[in-house]
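The two complexes that follow have subunit A in common; it is paired with subunit B in the first and with subunit C in the second.
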Partner chain A sequence: MLTAVRNQCKVIFLSIKYALMRELLNKTTFISNIIFMILNNSSMIVQWIVLFSIKDNFGGYTLKHVILLIGISSSLYGFAHFFFEKSFKLSETINSGKLDAYIVQPKNILLSTITSDIQVSALGDLSFGLIAYFIYGFTIRGFILYSLFTITGGIILVCISVILHSLSFWFSNADAGADTFNGMMINVSTYPDSIFKGIVKWLLFTIIPVGIANYIPVKVMVSFNPYLLLINVGVCLLFILLAFTIFYRGLKRYSSTNLMVARV
Partner chain B sequence: MAVIEVKGLSKTFKVKLKDKGFKGSLKAMVKPKYKTVNAVRDISFTVDKGEIIAFIGPNGAGKSTTIKMMTSILFPDQGSIKILDFDPKKDRKKLSYEIGTVFGQKEQLWTHLTPYDNFKFFGAIYDIPEKAVEKKIDELKMLFELDEFINTPVRNLSLGQRIRCEIVASLIHNPKILFLDEPTIGLDPVVKENIRSLIKRMNKEYKTTIFLTSHDVGDIEKLCKRVIIINNGQIVLDDSMDNLKYHYLNKKIVEAKMKERVNLDDEDGITILKDKGYNLKIEVDTTKRSVADAIKLLNPDNIIDINISNIPLEDIISSIYQNKDQL
Partner chain C sequence: MKKYWFIIKTEIMSNLQYRFDVIFGFVSYFILLFILFNLWRYLYSDTSGLINGYSMAQMMWYVVMTEILWMTLGGRKFNTKICNDVKTGNITYNINKPYSYIGYSLSMHLGDILVKGVLYVLIGMLIGFIFLGHFPSLSIIEIIVVIIASILATIISIFIIMALGLISFFIEDATPFYWVYSKLILILGTIFPIEYFPTVLQKVLNFSPIYVVSYGPAKLFVDFSWDKAITIIGAQLIYLVITYGICKLIYQKGVKRISVNGG
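And now, the complex of A and B:
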């Protein structure tokens, strides 16, 4: 069992390494993608600086809290898109028959598929997240929590994408719905939760789990709460279980295709 | 010893139907209609260790569906498959260590990496220790003559070189069975010949069982000793190549250059294929008339030059595809 996990990790590492090697072939594009993403995310902070010059407090959030929220959102997005980019393109992989290559290999199909590509600009998101965290204030405990929430939040984002894209096994064009849902999560995740009320807030802590992935980490980092931490980790594990169950159930309906495809 | 056992295998697909035009699209949204396609219908066969078998049929016959069920890609609706005693449905991972696959239409290699890096990656996928992979790469490099381009990125290779690398990648883990789905598609005749001889050599060196699908008669004729023909999802022929030729070659083509014109219009067992005056091409049905008889009709003294040949294998196979039994 341990050997199998180690071997799977080795393949994932190699897969990411080779994808990175491909991106490094074009040094200028590689660096500019990262820099532009950092600048793009910085513009959000600038907007909030303008808003905070008018008002000191937005539903209990100070400028530092907002910077932390945007930093965590950016980091988990970067983590998800750098290591698991293909989970956001899973429908295309299913519909074009590209899953064949992963099925005939003696490794976990879902993990091998979603780690087979990277998004370079996601490194910009990860870097920006780190900068934002350092602006908020560095402590060792805080950094460990920040890293943990980047991973759990990123995994929640990936799992939601896997679940929605796996609907392609049942319906065609499931990617449109999945992309809209992912976009909605990202849009909401950079606003303080206290500005949302009633059913919207309930939705953000249930069906659209931005509350679990983004808001809980801010609350825990500002004022440590072990119960909230457990909820974050527990929901993450639940989403992993759900994503694997739905993907593998759908896989039984996989029909492949004979389209000509290349691995690029 | 049978390494592949397929019994009563069936697979159906549900295909959405749509009337033509925009109105048809709207109608299909409100009230979708489906058609069930029987891709594979109750097929059974076995393959012995070390065999090179051709699994052929026209487009849409069910070849790829069958291969995909045998390699765990698709789940069968009915029937059973045993590959080296593994059930592809339940033992996907264990089976993957024992088989190799090359889909001519689908690349498995990373195009920006060199073949060497790709092979190392495949070695990791199959949990082969570093030193063992390097040894295997060296061995296959010699066998498949990859020396010249093993360190060139795959995207810069010719199609023939790329297919050779695809085959090598599928052999890194020493598979006992290799599934080749149209490995020579799009290759020129010289490269095709090269790939065929490499496949043959590999079968001889490693005793690998080869399950081949191809539309290229040359692949089948030069590589396989046994052929299974599938059409409309059913096996229509499962025989040795020798038997196929022997039983179906009851027609001969006679091409003759004559001194004088000969009229063979109403002769039983003779079909005139081409008549250009002094050059005649006829087909002789040997169940009705012997070739010697046909030559007598032409009059040996009247013949300047003559060529007697079999009907091309391609025509025999086409005829079986079309379910004609006049051959």
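And now, the complex of A and C:
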């Protein structure tokens, strides 16, 4: 069991390493992608500076808290898209019959598929997240929590994407729904929960788990609460279980298209 | 002109086949408006007056209008298309055709967004009306002026995005330029009117593309005056010539760098 896990991790590591090497062939594009993404994300801070010039508190959120929220959102997005980019394109892989290449490998099909590509600009998101965290204020405990939330939040984002894209096994056009849902999560995640009221707020902590992945981390980092931390980790584990279950259920319906592709 | 009109018609027909994409686009549009409405409602919750000269209703209609312009534009898709045309060499198929690549891309994209644009206007107005209970008070002639300003804004935006995409002739991936442009438009033109920024920045923004592609039409929609209409449409016409010229220049310089390797 342990050897199998170690082997799987090795395959994932090698897959990401080769994808990174492929991207590094064009260093100018590689670096410009990262720098421009940092600049792109920085504009969100400008937006909030303007908003805080109108009102100095957003339901308990100060400018520093919002910067932390944007940092966490950016980091977990970066983590998800750098290590698991293919989970956001899973429908295309399923619909075009490209899963064949992963099914024949003696490794976990879902993990091999979703780690087979990277998004370089996601490194910019990760770097911006770190910068935002340092602006908020560095402490060792805070940094450990920040790293943990980046991983759990990133995994939640990936799992949601896997679940929604796996619906392609049953329905066509599932990709459009998945992209819309993912886009919504990202859009909402850079605004404090205090601007939402009633049922919307409830939805953000349940069906649309932005609250679990983004708002709880800010609350825990501002004022440590072990219960909220456990909820974050617990929901992450629950989503992992759901993602694997739904993907493998769907996989039983998969039929090859006899597509011949070379994976370079 | 006939050939470009034919391209527009073909794209409209092709778009009507992708109903799901259009429907999910509306969902995204609704969510964006919903977030921004919540934000502005929160900001105006402890004041019944104006913020930087705008009432809450004006601010919300401003956002509806800028979001209609932005969502209709479909900038990311268009930028990716131009970048890919250059990167993959597809652009070579257009060189020997009896039309200009710039005119072809403009017509193709206008055809692509025309139906969507009309639907976004209808849905945007409906959402605004549901949230606010009234429309901005505009006469028929003023509405026509706002529509003209919006069409000009869209064409200028297409030229700007095309120019950013054509940079791919010189560096392999020009997409990052679009990211920064889109964020600048979003922050400096979509969410906030120019009046929200410091006076020094306002002077710069009044001469920037943001004034003509986003702020201008939306300002006319929420606070119409003939003086502003003349200034905004005048500025748009100047920008139209400049942005077209820039596209042409980049294309002419870039097309000389094409090397075809067969295939």
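Everything that follows uses one rule, which is that the second predicted complex is superposed on the first by the 259 of 264 C-alpha atoms of A that agree within 3 Å, B and C clash if a C-alpha of one lies under 4 Å from a C-alpha of the other, contacts with A are read in each partner's own complex, and residues count from 1 in each chain.
By our rule, contacts are C-beta pairs under 8 Å (C-beta built on N, C-alpha and C of every residue); 3 or more make two chains touch, one makes a residue touch a chain.
Computed from a predicted model, the values in this text were never measured in an experiment.
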{"item": "First (subunit B), second (subunit C), both or neither touched by A:Ile103", "value": "first"}
{"item": "First (subunit B), second (subunit C), both or neither touched by A:Ile195", "value": "second"}
{"item": "Touched partner set for A:Ala176, first subunit B, second subunit C, both or neither", "value": "second"}
{"item": "Which superposed partner A:Ser223 touches (first subunit B, second subunit C, both, neither)", "value": "neither"}
{"item": "Contacts of A:Asn26 with subunit B and subunit C, given as first, second, both or neither", "value": "second"}
{"item": "First, second, both or neither for A:Met37, with subunit B first and subunit C second", "value": "second"}
{"item": "Residues of subunit C touching subunit A in the complex", "value": "20-21, 23-24, 27-28, 31-32, 34-35, 38-39, 41-43, 46, 51, 171-173, 175-177, 179-180, 183-184, 186-187, 191-192, 196-197"}
{"item": "Partner subunit C, residues of subunit A touching it in the complex", "value": "26, 28-29, 32-33, 35-37, 39-40, 43-44, 46-47, 50-51, 54-55, 58-59, 121, 173, 176-177, 179-180, 183-184, 187-188, 191, 194-197, 200"}
{"item": "Of all residues in subunit A, those that touch subunit B in their complex", "value": "3, 7, 10-11, 14-15, 18, 21-22, 25, 97-101, 103-107, 252, 254-256, 258-264"}
{"item": "List of subunit B residues in touch with subunit A within their complex", "value": "13, 64, 68, 71-75, 92-94, 96-97, 99, 101, 103, 105-113, 117, 121, 124-127, 155"}
